[in-house]
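Before anything else, here's the structure in question.
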Amino acid sequence: MREQMPIGVTITRITEESPSIRTFTFDQEIPFNPGQFVMVWVPGVDEIPMALSATDAITVQKVGDATAALFSLGVGDQIGIRGPFGNGFAVTGRTLAVGGGIGVSPLHPLATAGLVDVFLLGARSAEDLIFADRLAETTTLFTATDDGSAGHHGFVTDLLGRIDPIDFDHICVCGPEVMMRAVLGILERHGCTDRGQFSLHRYMKCGIGICGSCCTDPGGLRVCRDGPVFTGDRLIASEFGHYTRDASGQRKNL
Amino acid sequence: MREQMPIGVTITRITEESPSIRTFTFDQEIPFNPGQFVMVWVPGVDEIPMALSATDAITVQKVGDATAALFSLGVGDQIGIRGPFGNGFAVTGRTLAVGGGIGVSPLHPLATAGLVDVFLLGARSAEDLIFADRLAETTTLFTATDDGSAGHHGFVTDLLGRIDPIDFDHICVCGPEVMMRAVLGILERHGCTDRGQFSLHRYMKCGIGICGSCCTDPGGLRVCRDGPVFTGDRLIASEFGHYTRDASGQRKNL
Amino acid sequence: MVTLKPGPINVGGLRLNNHLLLAAGILGTTGASLARILASGAGGVVTKSIGPEPKAGHHGPCVVTVDGGVLNAMGLPNPSSGFTRELEAIRGQPVVVSIFGGNPEEFATVAGWFAGNAAGFELNVSCPHAAGYGAALGSDPAIVEACTRAVSRLGLPTWVKLTPNVTDIAECGRAAQRGGATAIVAINTLKAMRISTALRRPVLGNTFGGLSGPAVFPVAVRSVYDLYEACSIPIVGCGGITTADNVVEMMMAGASAVEIGSAVMDDIGIFATIAGDLYAPDGEDPAGIVGCAHA
Amino acid sequence: MVTLKPGPINVGGLRLNNHLLLAAGILGTTGASLARILASGAGGVVTKSIGPEPKAGHHGPCVVTVDGGVLNAMGLPNPSSGFTRELEAIRGQPVVVSIFGGNPEEFATVAGWFAGNAAGFELNVSCPHAAGYGAALGSDPAIVEACTRAVSRLGLPTWVKLTPNVTDIAECGRAAQRGGATAIVAINTLKAMRISTALRRPVLGNTFGGLSGPAVFPVAVRSVYDLYEACSIPIVGCGGITTADNVVEMMMAGASAVEIGSAVMDDIGIFATIAGDLYAPDGEDPAGIVGCAHA
């Protein structure tokens, strides 16, 4: 067992992507594969999993204590980073990305690496469609908003209905689990669940596959270590889209 | 710090070299440089330093408890081996070896490797001139005995008087410390102490340079780690030939 | 290397498929995960420690890896009685339910919930980083005895897991034995901590935690050896095991079976790997190995 | 990385050339060897522990290296009063004489021999493998206090080295402080053992020994942190240090200086190596670092 203490990084830039989403750029590059995540230590508060949205950045939606504490930090403040952990996306050939809300975060470095051909991006409204400009530079971007304030008026899954998934070797997906389950359903109908790569969120404590808090039913797959990216065929008969667990290990329906 | 527990070896052959000296050959080869030693664990008794006289053998003179316990073992019995430790001899070019008594043990593998040109071998009497036949095969061998029962009647150092040490790039020496000190004196007179490589014996407990029991004055050189082989120039103004220390660290004059 | 004859074994009232159990708190929060480890070659599994109330555990960081080990302060997160449903998927298998409480009554209450579907219990009186639980009780032999008695009374196999963070672990072992333990498990983690020099504060959310992994193996072997001299009930060795040779060493120290935790991190197939090295048709009778290093 | 301003320091009554001392029992049997370490960059040295009678120590094996550490059972070999002559070569240098005895009187006797040429004393009430000495005394706070008082009475700097093999090291620290210690040293080795599976017996001649090296670093940091909260005298951190960052971490936990032992095995030039990384002209004031990880 090799030592892997958190490294200390200093925040060098904070970008307000939307009222509830900020990108924190720091002073060190972390070599990673798009889709891998780090454990972000907010000193005195907690440590939480976050995808790397770039080699030196995380993009965070404020949802609770630790993310609020992150939002209270400024340029020059320090945070701790452990990782990168997990498998990340694995693509070759034609790739479609489907991101919903903050789920665009792990897909962003895949796109900026030039590995995404078509990108379907959904959010509640125009202001939540983050990274859209940059994604449009390297991918063919289609957007959807719940309120119709930009792009297609409706769900990002609607956009998928207009595309033939079979045209793509890989379909990389990250977003709310209900949305991801809907995408999986579409792939199932096309008989290509194995082309889907879904990045899951589960409650994580260790990030290194030992504590058990992120294990999923029925296979006992560890999201932090065996994932966070799983192909659709491994998710089809699972808890995915149905329930998850909280910090104590109790089931919570989605 | 890497794990280095003693390995268990099984004695496969016991050769009686003389009434008080036996070679114990075992079932495993230990890659080593001639002059390196191992710590030999006689289970239930003690652990003592012994030069490797071959890649799979030690040659032992019975002098006290642990060596007596070794002599009580038979073929099929197990002992523990830690090592090899220390530096060993380093020779290139023309090499002279000078061995006295059991001191021939670490010089033997140097000779069998074809690295010794001339070998001066001394002992109390003919029966103590161990390894002589084998040494004669690969080196030009001259012998001396205290009682004149074989070779020159007198000390091995007398033989050195008939040879010009300056003809050799290296003079490798192992034997009783008084004899080694006499050799060092001869080299000093020839102004070539740096060509001498003396293999020292000191009380050893750890064998890995940490406990301090084998440290010499005045430099604090560790025989187990910085040695056991030292060039003559590093020994000239030292305790070498004058005193040593016992298990408690008390000085004992030689 | 020493190899052992394969086959099921009986230890401390339990029948196990082999000598290798999953240690408590390692991938032990869900039935599915325990089933995965059983399917991967473990002879038995110990669950996450379950207590009287659901607990979210300590704030993070909860785990960091260090040189030769793992440092953790999970804080005993657990779903409490809700865990019964996790056991449904693995009913009838060699599943030891690890339990904790703040006093003998709480131990008895928690054990009661699982009396129907646990093959046995392991009492956690040894976690070094949960105020009021674990080692807070386990360093007092009288409390160890009382907690053990409260559970052993139920008549199910009762293993007691001890802490090495005491002056004399043998005294705690004797206390567990007096309380009716059917086996002793040693060891839980060593109380330890690290500081982030970059952030100038303890790295664990809880400041203190427990050290496990190869770093503690020599301490675990010593503890098992001590306990073997002091007690007559079987001992289950735990702490730092990563190889089949480590298993043999623990058994020679006096362990009748072993638990493996941190090594799962580097290789989730560790049970099959070790079993492959440890067992051979012409292997020795394991009974002859247990405690053979004692003079 | 944090760097410190170089320069001599004062700790527990001693003036040291830097924060880095050689730990007791490591290359500390002869004056020449201590002089070598001083010349190689150590800020001070602690000698081998010296006792009331010459001792040959335990039968071998006395030392084996293990994964991330060293396991030893030297058995306190020492030349007793004869050691005074070893100190002649290093008179006037920052040499702490480590001493041991079986009771307060013996501690006082041994200390008396060296009162003339020791810069200070370190009381070994912590060696885990010498019957009747070391940890046999050091796990009883009352005895720790009495031994400390017997030596501190001489008026020389009196450091007391504690064992981590107790339920509560802070209690022992407070006892040393009451006894008049000018500093506390933590930690000595962890009680441990290994078994040779090939030879089916404990590998150390003494069966039990002490674990040191990187494996124990998290235990040492925790001990120093605990002691810093419990005591007001300076603490000297020891156990598993191999890098300058480890030194900084120990200091943040509360150490005013550190001792380094096992790391000398892999690099006898370790003091210069660490000093080279640790000190810089524009480094921080060390006083600001000590204990800064405490909330």
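Letters A, B, C and D mark the chains as written, and numbering starts fresh at 1 in each.
Throughout what follows, a residue touches a chain if its C-beta (ideal position, glycine included) is under 8 Å from a C-beta of that chain, and two chains touch if they have at least 3 such contacts.
Quantities reported herein were computed from a predicted structural model and do not represent experimental measurements.
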| item | value |
| --- | --- |
| Any chain in contact with chain B as well as chain C | D |
| Furthest chain, CA centroid comparison against chain C | B |
| Chain centre separation (chain C, chain D; CA means) in Å | 33 |
| Centre distance in Å when chain A and chain D are each reduced to the mean of their C-alpha atoms | 50 |
| Chain B-chain D separation of Cα centroids, rounded to whole Å | 35 |
| Sites on chain A at which at least two other chains make contact | none |
| Residues within chain C bordering two or more other chains | 66-69, 194, 201, 214 |
| Pairwise touch network: line, ring, star, complete, or other | line |
| Touch relationships between chains, expressed as pairs | A-C, B-D, C-D |
| Complex interface listing, chain C residues touching chain D | 1-2, 66-69, 71, 139, 165-167, 190-195, 197, 200-202, 207-208, 211, 214-219, 221-222, 225, 245, 248-249, 252-253, 292-293, 295 |
| Partner chain D, residues of chain B touching it in the complex | 1-8, 39, 41, 43-48, 78, 80, 82, 205-213, 215-220, 222, 225, 245-251 |
| Complex contact set, residues of chain C against chain A | 25-37, 48, 54-57, 59-70, 72, 74, 77-80, 82-83, 86, 89, 194, 196, 198-199, 201, 203, 205, 213-214, 261-262, 264-266, 268 |
